[in-house]
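Okay, got some structures for you below.
First chain A sits with chain B, and in the next complex the same chain sits with chain C.
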Partner chain A sequence: MAEAVTPPRIRPHLGRDEWLMGGGLLVLALYLAVTLLIPLVIMLAKSLEDRQGVFVGLSNFAQYFSNPARSGAVGNSLWVSALATLIVIALAFGYAYALTRSCIPFQGLFRLVAMAPLLAPSLLSAIALIYLFGNQGIFKGWLFGESIYGPIGIVIGSVFWTFPHALIILITALSSADARLYEASESLGATRWRTFITVTLPGARYGLISATFVVFTLVITDFGVPKVIGGQFNMLATDIYKQVVGQQNFQMGAVVSLILLLPAVLAFFVERWAQTRQSSAVSSRAVHYQPKPRPGRDWALLGLVSVVAMLILGILGMAAFASLAKLWPYNLSLTLSHYDFSNADGGSWTSYGNSIRLALYTAFFGSLIVFAGAYLVEKSRVAQPLRTATHLLALIPMAVPGMVLGLAYIFFFNAPGNPLNFLYGSMTILVLATIAHFYTVSHLTALTALKQLDPEFESVSASLKTPFYRTFWRVTTPMCLPAILDIGIYFFINAMTTVSAVVFLYSPDTTLASVAVLNMDDAGDTAPAAAMAMLIVLTAGVVRLLHTGLSHWLHRHTQAWRR
Partner chain B sequence: MADPYLRIRNLSKRFGEFTALDDVSIDIHQGEFVCFLGPSGCGKTTLLRAISGLDIQTHGTVEQNGRDISALPPAKRDFGIVFQSYALFQNLTVARNIAYGLENRKQPKAAIQQRVKDLLELIGLPDSGHKYPSQLSGGQQQRVALARALAISPGLLLLDEPLSALDAKVRVYLRDEIKALQRRLGITTIMITHDQEEAISMADRIVVMRDGRIEQVGTPLEIYHQPASLFVAEFIGAMNLLPATLVRQGEIQLGQTRLACKINGFAAGAAVHAAVRPEDVVCTGRTNGHANSFQAEVQDMEFMGPFFWLSLGGGELGEHRLRAQVSSQQARELDLQLRDAMHLHIPAEHIRLFPNGYPHG
Partner chain C sequence: MKLSKLAQALWCAAAVAGFTTVVQAKTELLVYTAVEADELAGFKQAIEADYPDLDIKWVRDSTGIITAKLLAEKANPQADVVWGLAATSLKFLADQGYFQPYAPKGVEQLDPKYMDSAKPPVWVGQRAWIASLCFNTVEAEKLKLPKPTTWQDLTKPEFKGHVVMPNPNSSGTGFLDVSAWLQMWGEEKGWKFMDGLHQNIAQYTHSGSKPCKMAAAGEIPVGISFAYRGAQEKTKGAPIDVIAPSEGVGWDLEAFAITKGTKNLGAAKQLADWSVTRKANELYNQGYAVVAMPGVAKPVPNFPAGIANLMIKNNFEWAAQHREAILAEWAKRYDSKSEPKK
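Up next is the complex of A and B:
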C-alpha cells in the first residue's frame, strides 16, 4: 500500500439541536449588543462630538477639566466615596465577624435587619437624614453647626444603603474559614490577636478587597443620595444629571459618564480577580469553624451589632414616621394623607402602578432571558467563540453605572434614524434598560446553578435522540428553579428601587415610584416623597416574604430528589 | 470474516496544538465487547466521544454498520452511553429516567410502561421504579443509567469508566452483571477503563492506548502473554524487566547465567530487556535439576495468602532483582526461608525480549 495520505479535515454536520442552539446564541448576542454594547459605543462616540455632531476629538474633555467648578466633582466624588467605603467596610466587617465568629444571640434577627436597606431606594436614607438633621431636624444641633446638606449627608446616607452589599460579601468570606487553621494557631500558642492578624484577616482578604471595590463603585455611581441631600456639593453622578436634564448638554453628559466609567471598570476587574481568588482559596476539605462562647468578645460584638442595627432601624423608622406625621415637626399626629399623592408634585399612584408593572415585566422577562442565555453559554456544544463573546457581553453591565447606561440609551434609542426609536418613552425601554442594568449578577447566579448540574446531561439527552429543549424544560429548569426564583426576585426588587438608569428614560406615561420620590422631594413635597419610598419598601418586603415562602415550599416539595 | 460493525480509520483529534488522538484505526465486530485501556490522559475518552459524535474528530472516518457517520451529530447516530457520573436526571424517578428516550418516540404509553418494567427486571431492580436516583446506592444508580441507555435498543453501547466510582466489592459484582447482560443482548459494546484487571476479565478484545496512539489490539490472552511492546508488557500485569545481552540467536546473558529464550529478531550482541512474568519463574528447590535455570538468593518474601512474593537476587543473578510468585503450598513443600539459595527455572517461551531504551518499546 502506498504512503498514507492525511485524510481531509472533518466538517461536523449540524443537526437540529446544533442549529437551534447556535441560533439562540446568536439572538442572545444580538439582544445584548442592541441593549448594551451599541448604546455604550455610541455614547463613547458622542463624547468626541460637539453639539452639532461634528467630531472634535478630546476637546470636550479638555473643556471639562479646564473648568475647575466642574472638574472639582472628580475629587469630591473620590474622597466622599473613599470615606463612605472605609466606614462601611469597618462596620460591615465587625458585623459579619459577630454573625460568623461569635456566639451572640439573635443572629438571624440581626442578619434580617442588616438586609433591610436592600428593599429601599437609596434616596430613602437621604430623606430620613433630612428629617433627622435637616433644617427642621430634631438632631440638627448634633452637627455642631455643620450642614447635613453636603458631604456629611452623602456619606451617612451612602453608608446606610451600601451596608448590606458589603455585609453579604464579608459574611461569605468569613464563613468559609477553615477550623483546622485555628486549631493549629491555638496549638502553637498564638495569642488571639495574633490569630486574628495571621489567620482571620488573610482568610478574608479577598472578601475585603471585593467588598471595598463593590461599595466604592456603588457610592461613586449612586445618584439618589447626592441628589437629595448633596445640596450644592458637586459629584460626578449628579453632574451627569445636571448636564443632561438641566442643561440638555448631552455631549458633556457623555464626557462625565466616561469619567465615571473609569473607577467602575477598574473596580469590576479587581472584583472579578478577588472573586476567583476567594473561591479557589477555599479547599473542599476545609473543616467548618464552630465559634465557642467567650463573654468579653461576645458582649463587645453584641454592643456593636446592636448599635448598627438600631441605626438602620432608626433611619427606616424615621422615614416611616415622616410619611405618617401630619406636619413635621409642628404637628406630629399621624395621618395617611401623604399617601394620597394627589396634591404632591411629581408623583401619583399611577407611578406606583407603573413601578409594579416594570418590576413584574423585568422579573419575568429578565429571568427568562438570563437563564436561557446562561444555559446556551454554558451548555451548548456549538460556536465556542460566540459563547465566549456572549459571556463577555453579559459581564459588561457590572462595570457600567446606571446613569451611564441611561444616557447611552438616550443616544441610541432617541436617534432619529433608529428603527427602534418607537420604543423611546415606552414601558418596554424601561424594561430593557433595567434588565441590562442588572444582567451580570443574574447571569453569574444562573451560571453557578448550571455548573452544579452534571455536565453530561446534554450528552445523554442527545444519545437518547431527545431534543435539547425538552431536557432543558424537563430537567435543567426544574433543577435550577431555586436559582431562577432568586434571579426573579433580584430583578423585581432592583426594578422597584432603582433610579439611576430609568431617570433618563421615563416619559409622562411611564413615571415610576422611585423617580417620583426624587421629583416630589425636589418639589419640596418631602412627606409624600417619604410615603412613596415607604410604599416601595413595603412592596419589596412583601415580595421578599413571598419569595421566602415559595422557596421553602419548593424545597419541601422537591426534597424527595434533592440530596 | 464479515465486515466490521464499526470501522474506525485514521482518526485524529487536535485540541489547538495538542494532539489527543493520532491516526487511530480499529475494527470492531458485531456483538464484540471491546475495552479501551490505557493510563490517564491517553485519549480513551476522546476516542469514545469521537465515536459518539459528542466531540467530533478533526480527521479520519467512522463507519457504523456500513454507514459513514464521521461528521454526524450525536442525535443522528445509533448508540447508548453511560458515564462515570451516571448523569441520571435527579428530578425524575427511576422509571421516568429509563423511559426518557422512549417518550420522545410517540410510542403508546402502555408499550413504554411495559418496556420500562422489562428493563427494571433486567437490571434486577423491579421495585425501584418510583424511587428517585438519590435514594439508590451507587451501584444501583449505575444499573439505572445502563437501563436508560439500553431502553432505545441502540446498536452500540458506550461505557466511559462505568465502574470507577464504585467501591471494590460492588465493582467486581457489577463487572459480571454487565458482561452477562452484554452477552445476553449481544450488543456491540465499548468500555473505557484504566483498570487492567477489569479489562482482562470482561473484554473480548482489548485496545491498549498510549499518548493518543494504539499500542496493541488483541484478546486478553494475547495482550497478556504476547505484549507487543515494552509499554504493554509493563502496563498489563506484573512484569520483571531485566537488562540483558543477546549472545547469539535464542540465548541471552543475564548476570552470570545464560538462558535460552524466544527469538524476537534482534542482532546478536544487542542490549535488550528480558521480560518475565513473576508467575513464570519456577522455583525448583535447593538442587539443580533443570535446563534453563540459575541460582539466586531469597532476599525478601511477602506472604499474600494463596501465594508468596519472592524477591530474588545475588547468586548467578548478581546485581539483578527478580520478582517471583510461588504458591503457598509449594513454599511449604520446599520449606522456603529467607536467605535460602534456590534454583530457579524460566521456560524459554516465557522470556520475551524488547529493545533496550525505555520508554519507547
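Up next is the complex of A and C:
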C-alpha cells in the first residue's frame, strides 16, 4: 500500500489532467443521477406517503413491521441468502482457483460450462428444478421427503444462477499474481498451506469480499426464483411482488425496497474498509505467476470442477428436455413442435430481434460507460467526494429489485414536465434501464481489474508528461481488455434474459423475447416457454463462444505481460 | 412492349396506393390489455376489418403488471384504451378518475350486470372469467382421491396436502375466490371454510393460472384456478377434469374503458362501439363460455356444463371497498405460516 498511496506529487500537467478527469467524473455522476438516483428517490419517497399521495411519515414502516407475516420475511430472506452465499462462494472460489492456479486439463471448457447459468433466464432453471425434484420429479427421493417448494428450492436455484457472477469476480481476482511472492514464500520454507493463507488469500481478498456481497445482494433481491419455486416461503423480494403486482400498492413496495437497500449500504462500507487494506497485486515490476503441475492438487480440483460442471449441465439438460418433451409428465416422447412459436405468441420472432438489438446496444454502451467510469473512480486523484459518491451510486443498482427500477423509470421519465419524456416507450429507455440495472457487477469487475494495475503506471506517465488519456488508451485499456470484454458479454447476456425492469417499459414496437418467455409460461405454455428460453440460451451461448475466441486472441496479443 | 405496360400498371398501382395512404392516414390506437397473446391477432384483424382507419397497437401483459403500469403512468397516461382487463382493476383505476365515461352504440343490448352502473358507464364488460377446479384424474387415482364436487369437499382430511390455490395477495384470481366465499357465506362461515381449506393447502402460488398448470402436470392433484385455463389445458391433452363447485363460483369480467384525455377520442370510441357488437361477442365466445351479450354464447369445449348458472351474485362495489381489509386479514391468518406443509 505504501508505494501505492503516495505517488510522487510533482506533476507538470496537473492542471489539465485534473480538469479533464474532474469533468469526466461530473458527467458520469450526472449520468448516474439521471438514470438511477433521481428515479429511485422519486419511487422510494412513496414509502412516506399513503395511497392518496399524502405524507404520512414512517407509519407505513410501522404497519409493515406490525404484521408478523411481513416481518418474518426479513429473517427468512437473511438466512436463505446467507446460506446460498456461503455455498456459492466456497464452490466458486474452488472453481476459480482450479481455473487460474492449477494445471487441470480442459480449462477453457470448464470456464464455458460455469458461465452457462448466466445464459438462461431464471425461469428456465426453475422449470428444470421442478422437473428434477418436484412431486413428479426424477430425483424426488433425493430430498428425503422434503419439498423442493420452499427454502431448499430457493437455495439450489439461487446457487445455480449466482454462481457465474461470483466466478467472474473471483477469476479476475485470482488471475493476476506476482510470482515473486510465491518464490519468496517458497525460499523462506513456508508450507503450501501457509503460502495459500499468507499470499493467495490476501491477494484475492478484495475479490472475495466483493463476490460475497454481490451474491448476497443478488439472492436477497431476486424474486424470480422464490416466485416460481419458493412455495409460500415468505421473502422480502416476493413481498415486493405481492405489493406492487398483486395489489398495486407502490407505497408498501417502496417500504420493502428501502429495507432491501440496507445490504448494499453495508456492502459499500465493508468494501471501503477492505480497500484500505488492499495492495495492488501487480506492481509494474511484477513477474506473472505461472502454476506448475502438481498431481495431488490438480486431481482434487479436477474432481471438484467436474462435479460442479456436471450439476450445471444436468440442470440445463433437464431444461432442454422440458422444451422437447411432448406433454410432461404423461407423454415423454420428443418433439420439436414447441419451437414453432407461430401458435403461441405471434410477435415472438420480432421480439427475438428486439432482444438482440437491446443486447448489442447495452453491451456496447454499457461497457464503454462502466469502464471509463471505473477508471475515473479508481485512478483519478481529484475531487475525492465526487469519486466516493459516484462509487456509492454504482453500487446501488445491485440492491434494487428490477421491478422497482422499472416503476421508478415510469414515474421519472413519464412525468408530464420531464424534458426526457420523449425517451419513454423507446429502445433507448430499455438500454438505459438495463445498463443501470446491471451496473454494479460490471463496475466491480472493472474495478477489480484496475486495482491490479500499479498506480505507478500513472505516476510514470505523468512524469513523462504524457496526458492521462493517452496512458488510459495505450496502457490501461489494452491491459484490461479481457475484463472489458467480460463486462460487454455480461451486459449482452443479461439484456437477453432480463425481465423484471423492462417488463414495465417495453412498447408495442420494442417487445422482448425474455418477456415472451414469462408470458408463455404464464399462459400455461410451459414447453414453448422452455423452448424460447433455450433459444435465448443458444444465442447467448454462440455469442459467448465468439467472445471466448476473441478473448483468446486478445490474450495472445495484449496480455503477454501476464506470462 | 409488354414490359412497359406492366411497368405502367405497377406505376399506377403504386401511385394509387401512395395516394390512398395519404388520404386515409390510419389512427394508431395504443391499447393496454391482459388478453392472451394468441387471441390478440384475431381481435386486431376483426377490428381493423370493420374500422379500416384504426391501427391497433397492443401492449399486453399479465393483469397485475398492466394495472401497475397504468397506475404508475397516472400523471401522464399513455394508453388510449384499456381493453380486456379485469373489471376489478378497471374499477380501482376508475375510482382515481382515470377514465372517460362513454356509452358505446348498442351498449343497451348487453346484460346490465356486466357493466358499470353509472350512466354513461365508465367501464363495460366483455366476458366473464370464472373460478373452477382443475382435478388431475390420473394422480387422483394413484392417491385414491374422490372427485370433489363442492368447495366443502376440499376441506376433507383426504385432501390434505393435495390442493393448491393462488395467494390472493399476489393474484386477482385468488382474491376472486376469497371474495366469492365471503359473499356467499358471510364473514364467519367464509373464514371458517378458509381455515379448514388452509389445513389441506400444499402451497399458495403467485399466479392464478399456476394451480391449474400444476394440476395438469400432476404436481398437485387439485388446483383452484379458472375455467378458461382449465379448458385450455384439457384441450392440450392434460388428464384433468374442470369442475365448477356446486355452491357457486366467483368471477370477474374482462372489460374495457377509455382513458380520460386521450388524443384519439374518436378512434377510441370506434373501438368501444365495435367491442359491444354481436360480432365481437361471438369472438369473445371462442375462448370464454359467458359473454356480455345475452343469447350469443355457445358452449365452449371442456368448460364445466352449466357454469353460467353457478356464477354468484357478484358485488364489485363491496369487493373493492373491503379488498384491503380482507387481504390483511388473510395474510395474518395464513401467510405467516411460512413453511410449506407436507
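To be clear about the criterion, the second predicted complex is superposed on the first by the 325 of 563 C-alpha atoms of A that agree within 3 Å, B and C clash if a C-alpha of one lies under 4 Å from a C-alpha of the other, contacts with A are read in each partner's own complex, and residues count from 1 in each chain.
Here is the rule we go by: a contact is a pair of C-beta atoms (placed from the backbone, for glycine too) under 8 Å apart; a residue touches a chain by one contact, two chains touch by 3 or more.
Just so we're clear, the structure is a prediction, and the values are computed from it rather than from any experiment.
Of the two partner chains placed around the shared chain by superposition, chain C is the only one that A:Q248 touches, whereas chain B remains out of contact. With both structures placed on the common chain, the touch criterion links A:G425 to chain C but leaves chain B unconnected. A count of residues in chain A touched by chain B and by chain C gives the higher number to C.
By the touch criterion defined above, A:F411 lies against chain C but remains apart from chain B after alignment on the C-alpha atoms of chain A. With both structures placed on the common chain, the touch criterion links A:N331 to chain C but leaves chain B unconnected. In the superposed model, A:A462 makes contact with chain B only, not with chain C.
In the superposition on chain A, no chain A position is in contact with chain B in one complex as well as with chain C in the other.
On chain C, the positions that touch chain A within their shared complex are 30, 36-38, 40-41, 57-62, 64-65, 67-69, 71-73, 75-76, 78, 89, 92, 138, 167-172, 202-204, 206-207, 209, 212-213, 216-220, 229, 232-233, 236-239, 324, 327-328, 331-332, 335-340, 342.
For chain A in complex with chain C, the residues that touch the partner chain are 67-70, 72-73, 76, 130, 134-136, 145, 147, 149-150, 227, 231-234, 238, 241-242, 244-248, 250, 327-331, 343-347, 407, 410-411, 414-416, 421, 424-425, 503-504, 506-509, 515-516, 519, 522-524, 526. Within the complex formed with chain B, the residues of chain A that make contact are 4, 6-18, 381, 454, 456-457, 459-467, 470-471, 474-475, 478-479, 558, 560-563.
Those residues of chain B whose C-beta lies close enough to touch chain A in the complex are 9-10, 23, 52-54, 56-61, 70-76, 79-81, 83, 85-87, 89-92, 100-101, 104-105, 132-135, 148-149, 151-152, 154.
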